[in-house]
Amino acid sequence: MTAETIIQSLASGLLMGLLYGLIAVGLALIFGLMDVVNFAHGEFLMIAMYITFFLFAFFAIDPLLSAPLVAAALFVFGALVYLLIVRFAVRAKANAGMVQIFSTFGLAIVMRGVAQFFFTPDYRSVTHSWLGGKTVSIGGIFLPQPQLIGAAVAIAAFGGLYFFIHRTDFGRALEATREDAGAVALVGIDKNRVFALGWGLGAALVGLAGAIMSIFFYIYPDVGASFALIAYVTVALGGFGSVFGAFAGGIIVGLVEASTALLLPPSLKSVGIYAVYLLVVFVRPRGLFGSI
Amino acid sequence: MMDTDFANRRRRDLIVAFCLAAIAAIVPLFVKDVYVQNIMVLTLMWGALSQSWNILSGYCGQISLGHALYFGLGAYTTTLLFTKFGVLPWFGMLGGGVISAVIAMGLGYPCFRLRGHYFAIATIVIAEIGLLLFHNWDWAGAALGITIPMSGDSWLKFQFARSKLPYFYFALALACVAWFVTWWLEDSKWGYWWRAVKDNPEAAESLGVVVFNSKMGAAAVSAFLVAVGGGFYAQFVSYIDPESVMGFQFSLLMALPAVLGGIGTLWGPMLGAVILIPVTELTRSFIGGSGRGVDLIVYGGLIIAISLARPQGLVGLFSPKRKEAVR
Amino acid sequence: MTAPLLETRGVWQRFGGLVANSDVSISIGRGEIVGLIGPNGAGKSTLFNLIAGVLPPTQGSIWFDGEDVTALPAAERCVRGVGRTFQVVKSFETMSVIDNVIVGALVRNTVMRIARRKAHEVLEFCGLGARVNVLASDLVPSEKRRLEVARALATEPKLLLLDEVLTGLTPIEAQTGVELVRKVRASGVTVLMVEHVMEIVMPLVDRAIVLDLGKVLVEGKPGDVVRDPKVITAYLGDRHAVGA
């Protein structure tokens, strides 16, 4: 194993990690806001990938152009999921923990079923996009362009999110609501509206990730499952509810995955991530940057 | 007076269960259709598994989404012991149960410090690690899996090529055992401790309940029974590979009947299985056709509806006046 | 003189830079009813939790019934004979009243029939005999307080720790509560009660310990304590709490 291979795989691990961070941050945002884990998060990603695919297949819109449209569509979808399902799930008195987990799990199963029914279980892909298959060589290190752009989008999204949370009125309302939902009601902020917008925003972020992913990943009804687990691990690693934690967690996951792939057979590459995650939560049950 | 009311209710549960089991036992003598018998076997098996899952996740409140690990361990232990060492499946199932119980406690040691969602996600990840390890374990068949060699019908080797009946009766027995264990533990110190731990661990601790040990006990019983079910399943399908016994869908399938029927209740898991399994099997074959996802839509929808509209499960509908009747 | 039932010896508790208890040494004799009082933030709840074993003290030791229990966790202290209630009630909401109490009774006897009978007796004793099969979540607040007492009594404690059980009750409810505490003592259980509002507890207790700023300020007969200028100063600006 040469130094070059190591740098090569760590560099692609870093790029992939930033994308993992982007997939996961919506989950972290929603959890931080209202203590709910969206177990359909992977299916949100799946839907985003299908939308990108169909925009490409029917209207020949390149994923890079359709990304904002996909994000917008997912925003609406996320807000609707909150208003139609989650809003009622968090009110449950009996078996509250179970209701929260299984209401979104049920949604995940339905979404997978719907995808199978309408789109069939076939694997699809965006066949010839602007970036697909192209690489950039920097000092002998080859980096795939889609991942490079994906990483750039992820960094921009995190920057934008940071600005949004700390500098805008809605961002401040979001922060206030996560701290004390009861008190914000007193100052006239509609909790449901904030939560719905929070869900929309979380879904829009995963939509963005889905659009980029569809450039270099196969699209099929179960595609969300594998990424969802990585997203949970990323978020739990960074600390649930911490946006910065999702960013850092994503990078860690990407790098660990790349290093595991160097040392173990490819089919075991996820074991490294899971093992690191377990180590972290056993030592720090609330993750690296988790509060409380 | 209160005591006799309570004892009567317990006895009534036992009698009802006995009658239902007796009725179930004679059904296949009249229903000869293999397809229907197959559904009955699966219903009983999932009922038993869900009943076992319910001990840790329902009574003790530690929602596990990784029980596929124990199911798979049971299946693999039974199969490997038989194919590699000629150990009869009967001992294999028990061995799988013991191994799973020990592993459940080993994993519980770090995991039970985690709460709520953190615990649930850790269980998913651990089961996934198990899956990946079996995928890469050549001695255990790796991704190709293991076929159990068939050598004619035999009770000793618990394999039957022609008739489903023996499997049916084993599944029925397993369901009865899982139900009875739950019934028995429900009115024991463990049952009370588990419910106390679920409702409020801090208060439980103040009343002398060692919360950690309670969770460990629940995990061990739960994993043992699930692993026996896994051993049975391996014999029933006579071929196993990592995905088909340890995949995440098994963890979910174990939880769903209990969620539907009533999590943390004595009758919920069985009731849930009796509704859910036939419904999914029937939608799959009649509407679904080539696995087009309608079955997923049906039971995903059911789960959402139950979670939102009736979080205590369907079981209450069958004895709505129970609480008042005791008074 | 027999040894005291409970003793804290030079107990300190720090949370980061904050000192919640500094060098607290108190002792409770067998059969006493002792009130632990003090203004808000005096460190009563912390001391209470140290005695119950929720957290270990930073420094110092806690002795119960002639034994050093400093290192024992809450469950183990319950086995030794320390029962407690919670300021914010922590009923087992999805369980019936009787099942709540059975959890406590199981510490002394794991034969279900006996634990159940014990639970019935305790509920009768606490005046909840008519609410046995009601779900804990359906009780009114004053009943929940009494359920907490019943649950703790079912563990057959030698020392019962009551955390503001009388606060926030109507005068009639509080009066029933006072009678219950007297009955408990009459049955041979020692009682340590934390209260913020002095006027409720003073007529009830044999002795009062006043905490202020994490230290023992004064201790003595309730009548002397209320007239002590130091206590009055400590409670100044908190007139409501002094009441009478």
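As written, the chains take the letters A, B and C, and residue 1 is the first residue of each chain.
We take it that a residue touches a chain if its C-beta (ideal position, glycine included) is under 8 Å from a C-beta of that chain, and two chains touch if they have at least 3 such contacts.
Quick caveat, the model's predicted, so the values are computed rather than measured.
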Min distance from chain CA centroid to global CA centroid: chain B
Computed over C-alpha atoms, the centroid farthest from that of subunit A is that of chain C
So, in whole Å, the Cα centroid of subunit A is separated from that of subunit B by 32
Distance between the CA centroids of subunit A and subunit C (whole Å) is 49
Averaging C-alpha coordinates per chain, one finds the centres of subunit B and subunit C separated by a number of Å equal to 43
Multi-chain touching residues of subunit A, meaning two or more other chains, are 93-94
The positions of subunit C in contact with two or more other chains are 94
Going by residue number, subunit B touches two or more other chains at 264
Counting only contacts in the complex, subunit A reaches subunit B at residues 31, 37, 85, 88-89, 92-99, 101-103, 105-117, 120-121, 221, 225, 229, 232-233, 236, 240, 265, 267-268, 270-271, 274-275, 277-278, 281-282, 285-286
The subunit B residues in contact with subunit C across the complex are 2-3, 6, 187-189, 192-193, 195-196, 198-200, 202-211, 264, 323, 326-327
Given the complex, residues on subunit B that touch subunit A span 61, 63, 65, 110, 113-118, 120-122, 124-126, 128-129, 132-133, 135-136, 143, 248, 252, 255, 259, 263-264, 291-308, 311-312
The residues of subunit C that touch subunit B in their complex are 52, 54, 73-75, 78-79, 83-84, 86, 90-96, 98-99, 102-104, 106-107, 110, 112-113, 115-117, 120, 132-133, 135, 151-152, 154-155
